[in-house]
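The first chain written gets the first letter, and so on, giving A, B and C; residue counts start at 1 in each chain.
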Amino acid sequence: MSTLLALARIRAARQGRAEPLRQVRHYHLVDEPLVLVTAAMAGEAAAPLACMVGTDRHRPVLLTVSQPRNRDQQQAFYAQLAAVVLPYIRRRENALQQLPTHTGKAARQRCADAPQLIVANRATVEHLRLVGRSLRFQGSREPGTTQAPVALLGRWLTFFTEQADYPGSCLLLPMTRQLAAHWASGQSALEDESLAALLAWIEPPSGLSGAEAALRTENPVEFPPAGPATDPTFDLVELEPRMRAHRHALAAGDHTSANRSAAKLERALDAQLRPTWNQLWSALALLRAIPPAARCARRWDDDRDQFTRHSLHLMHGGPPQPVHDHPVEAARRLAALERASHMFEDEQALDDPFVLAERRAAGAAFAGIVISREPDRQARSPKGRRVLRPRFTVRTDDPPPLTRDQDLLNPHRPRATARIHQITHEQSGTHLIIMEITSGMGTPSRPAADAVPELGERVCYTASPSQWAQPEFPSRDQTPWTHSHPVPPAPARDLDPHDADPA
Amino acid sequence: MNPTVNSTTAARLDALRGGQPPVNHTARTLVGLSANPGCSRRALLDACGADKGKVARQAGYPWPFGQSPFALSRGNAFERQVKEHGGARLLALLRESLGLPIEQVAYIPLESVGDNANRELRYRRTRQVLAHAARGGSSPGILYDHPMLRLAVGGQLVYLEPDVIAFKIGDKFHVVEIKSFPVIDRQADGTQVAAATRQAAVYVIALRELFADAGLDPDLVAASIFLVTPKNFGNTPIATLIDARKQIAMMTTQLARMDRIETLVKLLPAQVSFDLAVDAAGVARRPQAQLAGDLRQVPARYRPECLDHCELAGLCRAEARQDDSLDVYGPGVADVLGGIGTAQTALALAEGQRIPSADQTDVARALRHAERLRTELAAGAELAGGAA
Amino acid sequence: MTSLLSDPAATARAAVQTVLDDLAAIDRTGGRGVVVDSPPGAGKSTLVRTAARDLAKAGEPVMIIAQTNNQIAGLAAGLAAENPGLRLGRLSGEDYAAARSPLARFSNISIDTKIIGLNECAIVLATAAKWARVKDHRWRWAIVDEAYQMRSDALLLVASQFERGLFVGDPGQLDPFTTVTTERWTGLTYDPRHNAVDVLLAHQRAAVVERRLPVSWRLPASAAALVSPAFYPYTPFAAGVANGVRELHFTTAGVRSPLDDTLDLARRTGWALHQLPARHTSRTDGEVAQAAAGLAARLLARGTVERCEHHPGGRPLLPDDIAIGVVHRDQAEQIRRLLPGTNVPGAERVVVDNANRLQGRQFEVVIVVHPLSGRRDATAFHLEAGRLCVLTSRHRHACIIVARAGIPHLLDAHPATDPVHLNVPVKFPDGWQAHHSVLNHLQIHTIAAPG
């Protein structure tokens, strides 16, 4: 955590209202997201209780299960959910853009838009991950046959939750994360996991401080939990008796009273989910009011590529995501996750002065005034050629940067990178930093015009987004001996992907 | 550990509770101590057997901890299912996970001794049976259900009645924990597994004390425990062997530290009491503020994580806010503002309204720099950022 | 556990010979490799060079996989000097300045960016990253240096190039690093974030011989007595140099000051804990930084002379014989800034770096800023056993730890709630326990210093 962020939290507490942390929004928001609130049955691995879903704030679809442990009811529930989610996805699969050939890449297609799922918190993402795992292996896996909608839903949910692991991806967004990324509340990060509490800090009702408003949200009667876990007292006082009444009525063959208790149950669950549903839409409105960051669009391109790829994979009858990554796939995914993480951090710093300021507070960036320059300075390259190596000196009152041995970039002159050559400390507490341009400076005969900043110019330098050369991973059947057992062991029974739900 | 506590301490601990019946330590409460071992308030309330939930409620800060009836019934059903047929299924599962052929089943319930459920009696019966088995040498596999164990904690004898099973295979005894959270694709929730492992570690320690007590080698109790849980999304049980050496070492240290309670008690002002007595109309005899004030006499170590595991958390958080403590914001904030006690000091230093003391100069410099950055941002100053 | 060996040199030689025999016998045994665990300063590089030379002389081409360019420079220079008749290859990246390389002075080292240019070489050295880009080349043998710092995914990229491997490294140091915290690979034998040795053993344990080097030539006996039980609880090692062989002495008199008291204690016993009054601080604690810089400067100012098996007549300590080890980069920057201000000539050349960068290096005296000094809460990062192990095992003579009082209390208050994952082997030592045992040991080496 940076001092800046720590100060923002304290300030939020003092002023009784959250403090903005970002100047721009770093997550792409689509015009028509699919909002999803889920409740799961306590004590079960992934048994659904209810779900509120839809693209229209005023017309949510409520799905409920009256006997969550009943497998037929679970199936029926997921079939209904699939009937909402799959058409939403399909509408985006069908609109394709043609991308021309681009530096070594063949021409290809990309979906013009992609689906976006909005949920309350990380716990819901984890729940959807489990639901995806429990559904995706269901039914036929014969190549060429059509997937049952429930299995297809499982495969899509797995796709969304896997994408949510990539920093900067916007296909599945847990709202508490987005809000906490853009605002500092006056409470702890742990308490920020509550959507209602976080919203209370960002927009406290008039007359209340953020702390007071957040405290109110801890009353589960007024503010039911955002799911997937339900309030234990609600389970005890409302859910359990109604489920029992329903079960008894069914057993007695009393359909009228069974319908009545089912309706009561539905109303109770509606009342549990609706506050969170409304909060999610309020949170969306808050985020939409922040202008998007410049590099949001590039990341959304990546998201659309991933979506397109998975859609094609399904269309070509590809298999469901395996239970575990293959060794090669695991290494490849780790590389991709690290790349996404670094790029997202670097891009945010280039897009947002707030992020840059956090880096300055932590010594990962610095800003100052150019006090001298040698634009024509030349040096010998390692191979002995004469090359242009301009230098310039910046005076800064930021803490001395910790970014030696790294290519740095000035967001205003993004074509040239530079490195710290030397730091000297002045009596007054300021520092003199001699920078050397390392790329984008041109040649002695043709120097680039805008590589070296002007005298008196205010400059800021931060880590240049790393160039990530994707290593060449072996193919699966070329997995080296160090990463596979000498004799393939008999597949352990509990690893069997077909073992989706051994009743 | 010293099994007999200083009698004045014991009397003072009893008195602290007022007339309330004591809440007995269980493996669960012992495990709870390890969640925030630096908190004297929690340690003292647990040591004197106060009902922390009730205390917090009566002091005006109820903090709900409930378990859903669905989770409870699922837990019970799963345990029943695992233990049915005299443990035949469980034994098969355990032997299978050790790669041993299934042989004869022996299942010995230790739930009660005749009609007498006296805890000390049951403990002795358990000790007798287990010691006898230990001296009997190797065995193909015997399950001992509901043994009664005993542990000296902070000078008091605590009886532990685990739903757990001691499993003797060869000449080793293993602790078996049955939990109803699922193991999906060979993994389970790390927090739940950790809690189960710490709980099992307490049983391992108690079992080892039992053997030592009977003059036997404590190392007859294995340092690895079995966790039996449902597999994937169904009800089929699966057993996983967990190396609990770290947890055993850690819980041993924590339990030994309970001895410092005596020091805590000595430091306590004489009038402090957590008496919750009510009058005939059900109204607390002591005013809310008085109880809350007495609680404040015992220092707490509030961290936001307490909200997840301590009934007193609401009260301690309110107190931390009142005191303007940085603990409210979590360890990250307190960490970067090291050495600064209150939020007000931090802001005053940042805004230059306070001269830093000698030991605050480093933090003050960072704070003033951060404040300067903030002002620049707020003023929309040209900051060389790419976006606008 | 760490008792002195009667003939440490013979014990160490025998251990190396066993490894060489294992390598020679591998075709007969049908094995795939040998893993050698080496505690700090136990002759890991010597083993790598000896094994490479033996294999090369037996007509087996060898690839050496190192983690950094510096490691390669050290290994290649050693090999070239010891074996003038052996052709060595240095496979380098495009931006490697061959002409200015320190290896350029060796006539038996060829430097090339393409493997094809090194066809004649009996031993070729490159970083793991560079090897990952080599295609269609097979070696019979690979030697992986610092294998515990190599990540599993890096091994995956190069392991197809060799049939048999010698993996050498120090299991007690810092694990490879990643920012990715997903649990999707937890419990898998091939979690790409594991180190290369763990992944190898998880799949090929039956085909791999495990050995270890039993004698540290770097650490003095005083250090082995702490480092071995605290960080290598199940694989003890001993110090190779007998008591009394190494000595520090000061050529100028000290004054009665805490700094000099600390130096004196460290000189006499090999350890000192320079303890400042308990206080919560930010990680750039000015007083602690000042004390660390001051101790280094005092060492120089007092004309410290070290006598050892290499310099029985003694030699004065130079600035770069001294290191100050910290945890964070900003701490290093802070101390570097303070050193010139001590007004002791050469003080600015004292090496100041964090644990990650000090890994694998050796100094005469090391001053450590304790990872938990001044903290309110311990974190997994600050508790990591490998971090403390690196910091307390770089020295040949003495190690001075600078810390605020109150760390035992901090450890006691640390919540024991780390998640437990199924089917993941437990790593020892545990950081919390290692910290406890180090502090216990240092209790009698404590000098209280005023703030």
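Some observations on this one:
In this text, a residue touches a chain if its C-beta (ideal position, glycine included) is under 8 Å from a C-beta of that chain, and two chains touch if they have at least 3 such contacts.
Given the structure is predicted, the values throughout are model-derived calculations rather than measurements.
Per-pair tallies of C-beta contacts place A-B first. Taking the CA centroid of subunit A as reference, the farthest chain centroid is that of C. Between the CA-based centres of subunit A and subunit C the separation comes to 37 Å, rounded to the whole angstrom. Chain geometry summary: the mean Cα position of subunit A and that of subunit B are 34 Å apart. Within subunit A, residues 324, 399 each touch two or more of the remaining chains. Touching of two or more other chains is recorded for residues 183, 186, 305, 335-337, 366 of subunit B. Residues 183, 186-187, 279-287, 374-377, 379, 409, 412-423, 425-426, 428, 430, 432-433, 451 of subunit C touch subunit B in their complex. Within the complex formed with subunit A, the residues of subunit B that make contact are 64, 66-75, 180, 182-186, 230-236, 238, 304-305, 307-308, 321, 326, 328-330, 332-333, 335-337, 343, 346-347, 350, 366-367, 369-374, 376-377, 382-387.
Those residues of subunit C lying in contact with subunit A across their complex are 32, 95-100, 132-133, 135, 152-153, 155-157, 159-160, 165, 178-180, 182, 184-185, 188-193, 196, 199-200, 203-204, 206-207, 329-330, 333, 337. Looking at the complex, you find that subunit A touches subunit C at residues 165, 324-325, 327-328, 330-331, 333-335, 337-338, 341, 363, 382-384, 399-400, 402, 425, 471-474, 478-486. Residues 1-4, 6-11, 13-14, 23-24, 41-46, 130, 133-134, 186-191, 211, 220, 230-233, 235-236, 239-240, 293-294, 323-324, 350-354, 356-357, 360-361, 367, 397-399, 410-412, 414, 458-460, 494-495, 499-503 of subunit A are the ones that touch subunit B when the two sit in their complex.
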